[in-house]
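Note sheet for the following structure.
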């Protein structure tokens, strides 16, 4: 399925009146902040690519190149107390919520002082104490029922809080997505569900994922509001999300927001994208890069100068440089930390009797020759 | 949620042009056959109630009182080679497909010569060799993916066959329903999905099941045709199903058909329906009984006489009387038959060593006094 | 209070007392509100605690369990009722992947109870009679309890609701109204992970849980008449398992029979055997034997169901064999 | 053909040969078509057999497994690829309730294979490293195989495709490209339910399967240098299990170590122990021991993963203890 280079920001069910958009209220500083988070996302991912090539990243690397507006613009519509549930391509949203490059780098390098102490990979981590984002699991769709429950608790306690959960075009096919959004719909939970339609689920184009013409068409089947927007226009993303968040806050229930975007990199770094027409990727890169588009807006409408852009860039690079050094210097986890914290009680599992010396076991068994050759 | 006594046959996506309805082609004999299947369903269920009160039915009893048109009218739109997947309230559909009262009675009485040899209960049975209907399992929603696969095989082999699967209003909330209908939609399987909206799932009214206004609204979210009809008008049911079946046969994919009906009895015979307003039940019984409505049509438009009705009735009662006698005379299964047929190979599981004499074990342990009093 | 309460009422009482004690406790499930649930376990609770704490849900087991987890992260203490435990299979992913790992991988607390009517002997057929406990035994992060008495049902339910992690609470539907007793006074909490000696004995140990505890006790009574003294250990908790109690009874009698209602292959008896074999090898005077269901989906018709499920006479025969060994 | 084929290629070859032999065989899964699957197991198959026999599906594990069952009822022979076996949990209900019972309760044939990359040692973290075989062991109606060699992978895949019932085919992703061998000539079918002696020995038996077969062989080699002769039995099939082979090796060496990569509690070692305890009690000169993963969700960071999963040195140590007993 060849996708057009630009997606019109169609909106259904509710319409964003151009005359008064929520983003009109954003200050120049806030707009620069949106820009900064998008750049921070991209530069951090680029740093991760470099580290990946140096084999300093353990496991796969996932990019959100070209989708930064969708993650950043939507998360920006939340208050700090609101809870966000990110997916693998929502690094930008996590950064907005306060995740730090240092955390991300440590996490990707499997370090012992990473947010999950080396237990989970890439950006599978969260913080529900202060910053209010939740660590995802791999099983697609599962976060939707979880966020239905998170937001149900807000409703039960009369808390003025909202939840936001992302779901990929591909993951809308899961039963968990269906059960969760339907449940939230019935309960009128204060929840925003963002379908990130980036055209592909791994190698699978959208038309093999569903016969629906557009994902926003699913809203009516759940009796919830539905709206579609250009996911590569950070202000449009902010607008529709903010309206959905406000609706949730007013007690008017769930909104399904479909953001049209495009996955310019492979599913993960090792994926050669053989299934994506090169011209399609190129067209999106040239004509519809969310950062380029926003730079234009900032320059033309807000007179942001080269100097300002350069100083943001310098700050970002310095931040990531420092974080990289710190992350590299971080220790790997202590093996026996693996036994801690499966349960609150007992807090520690006793070690197995046959495991005397961990390090030696590891050393003498890591990829022995007798296991055959490993080609990748 | 109080439901109106009559539901207008709204239709969406496709419209049934009143000028040429598929049912126009039904002969007088076929119309009498529709009537007979509805009566057969009702009389057979009434017989089952009598047997249930005599404790001759083992386990629960499920009624389709007031929903006979929905089951019979839809199944009537299939050819013999087409495959039907019934649910607990589709006895009528199974009878149309060729299930016999004797099979049903033996099944409900847990007899050894029942279609499942006593392994499964009530109308959980099928026949894919000749009559082409599939035995359901209890787990709601699961038959939808299964029927997606059944009909996928028709497409793969170029067979001119269609599948029909029922789903309750309640069961549309399951992940399995979602995954199955979406899969079938993408593959353009020759499948008709009938949502039987009878207002309740056990005690749960539809508005606690989903915030959707009507189930037909789900069709667009799967990119499939959707149509709604009066489920208590047997000809309207036939019409919409026949059109959906024809669409499937032409290779135009899946249709979601919402049939509006009402569950006049409890979820099962032991359920006292405390949650259904008595006036609501009464209104449906008085104003919208599918058999009464069709009798009127048959009398007024087809001049069916009292004698004709009486002779059909006599035939039905005789059939069920004979079947009841035969079923009561049927033997219970041999205990060791339990070990047969889990696998094709091995065909029989060896008995467990400690089980010497089955009957004595059963006799001496059935409800021993030491287990306390059983009040229900 | 010296009135007897059934196993079912005991569970209801426990929930009601905990809901009164802690406003974070709430219940979700299908038809549990005004209707009181398919077995009436939650009867009256919605009237007492309101619609927002006793919530009727759509038919979405994965959705409900996932929502419970989310609410639990936020400090609530959800109880999920599954209409029959057989439908826990629909939430298998959510329980084993999301819920069980939440604390370990993300430091997310997940205090919640998932409960439902389990087990056979009631002519429920293959989908209303299951004992799915073994499917969850190899999932670290979950706890599993399965009481056999009314008092334990109450005490374990209270412990489960107060536990900081997810507890799968299996209720045997055959016992719902068949067993009853006067409840212990006060705030009766039975600690998770502790077995109970249901009958003391010296010749043979039977380790079991749930409905078959009663079968074992019946067998013990019959065997006593033959001069065979049987000790019956009711596990109560399956995960964690009470290794101390298991070892103590085996070291005392030197002969072990494990009884469970689940199918033989892959049932929990295997795990118990492995633990005993590792720790009590020298004490064993006979092979460890198992009385279990046969390896078939549980059939519905009475002669078939009775043939497949373990009966008292099977236990008697197995114990005799152990003694004769 | 004297070229070596990897474990992964052997699986692909088996599918290709069976698809060529029987036009009812087809494959469904996520990204398995032109892309060839996340691990490239189906690479080239869509080009060879067309889009209608190698079908890219939506992300719907329950949907795909259910659809496979429906097609199987109609005489097709579907193979389902799960992108990672960890996602089998999403189809748990469909497999254990619908598929496994179809023949027994409804005489519906359900010949199908559900396969996918399993196992750890690859820094995949808790959701890309699982060994879920134990969760299916107590479900009569399913068969389970888990090969360790390339030749067995091919032969068991062919047997699985031809089997009249549903076979869960676990593939160890660590072995995909690490083990290879020249395939046996001709139509190489390995019967389901038969174990394989991977190494003969006389002092201690190790029963294991999948990746840990190689760890056990390494340990056996090291122990041989100490004068300890270890027999390694590779189960290959977990359901049904080869009781004859299990009994034969235990009765030969009188000492048994069971090794598996799954967590300890509730892992398959329990079932093996129970069977051996029942049938070989008199032959045992030492307790049956287990080397397994620790009871935690599998962590991602190398030092943690290595600490949790069984290593060769663990096996060596356990065997030494058995011999010294």
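Which chain is which? They are A, B, C and D, in the order written, and residues in each are numbered from 1.
Assume contacts are C-beta pairs under 8 Å (C-beta built on N, C-alpha and C of every residue); 3 or more make two chains touch, one makes a residue touch a chain.
It should be emphasised that the depicted structure is a prediction, and the values quoted were computed from it without experimental measurement.
Enquirer: Name the chain pair with more contacting C-beta pairs, choosing from B-C and A-C.
Expert: B-C
Enquirer: Can you tell me which chain lies farthest from chain C, using the average of the Cα atoms as each chain's centre?
Expert: That would be chain A.
Enquirer: Can you work out the whole-Å distance between the CA centroids of chain C and chain D?
Expert: Result: the chain centres lie 31 Å from each other.
Enquirer: Any idea how many Å lie between the Cα centroids of chain A and chain D?
Expert: 35
Enquirer: Using the average of all C-alpha atoms in each chain as its centre, how far is it in Å between chain A and chain C?
Expert: Comparing mean C-alpha positions, chain C is 40 Å from chain A.
Enquirer: Mind pulling the residue numbers of chain A that touch at least two other chains?
Expert: Each of 116, 119-120, 124, 137-139, 173-176, 179, 182-183, 186, 208-210, 342, 349 in chain A touches at least two other chains.
Enquirer: Please set out, as single numbers or ranges, the residues of chain D touching at least two other chains.
Expert: Counting only residues that touch two or more other chains, chain D contributes 57-58, 60, 62-63, 86-87, 89-90, 93, 97, 101, 104-105, 126-127, 140-141, 295-297, 299.
Enquirer: Note which residues of chain B are touching chain D in the complex, please.
Expert: That would be residues 116, 119-120, 124-126, 128, 134-135, 137-139, 142, 144-154, 156, 175-176, 179-180, 182-183, 186-187, 341-346, 349 of chain B.
Enquirer: For a test of understanding, state which residues of chain B touch chain A in their complex under the given definition.
Expert: Against chain A, the touching part of chain B is residues 173-179, 182-183, 185-186, 188, 207-213, 217-224, 253.
Enquirer: Residues of chain A touching chain D in their complex?
Expert: 58-59, 110-112, 114, 116, 118-121, 124, 137-141, 170-171, 173-176, 201-204, 208-210, 274-275, 332-339, 342, 349, 351-352, 354-356, 358, 360-362, 364-366, 368, 370-376
Enquirer: Considering only the defined contacts, which chain D positions touch chain C in the complex?
Expert: Its residues touching chain C are 86-87, 89-90, 92-93, 96-97, 100-101, 104-105, 126-127, 134-141, 239, 241, 262-263, 265-274, 277-279, 281, 284, 286-290, 295-297, 299.
Enquirer: In the complex formed with chain A, which residues of chain D make contact?
Expert: Residues of chain D touching chain A: 30-31, 33-35, 38, 56-60, 62-63, 83-84, 86-87, 89-90, 123-128, 174, 177-180, 214-215, 217-218, 221, 264, 291-292, 294-297, 299-304, 306-308, 311-315, 317-318, 321.
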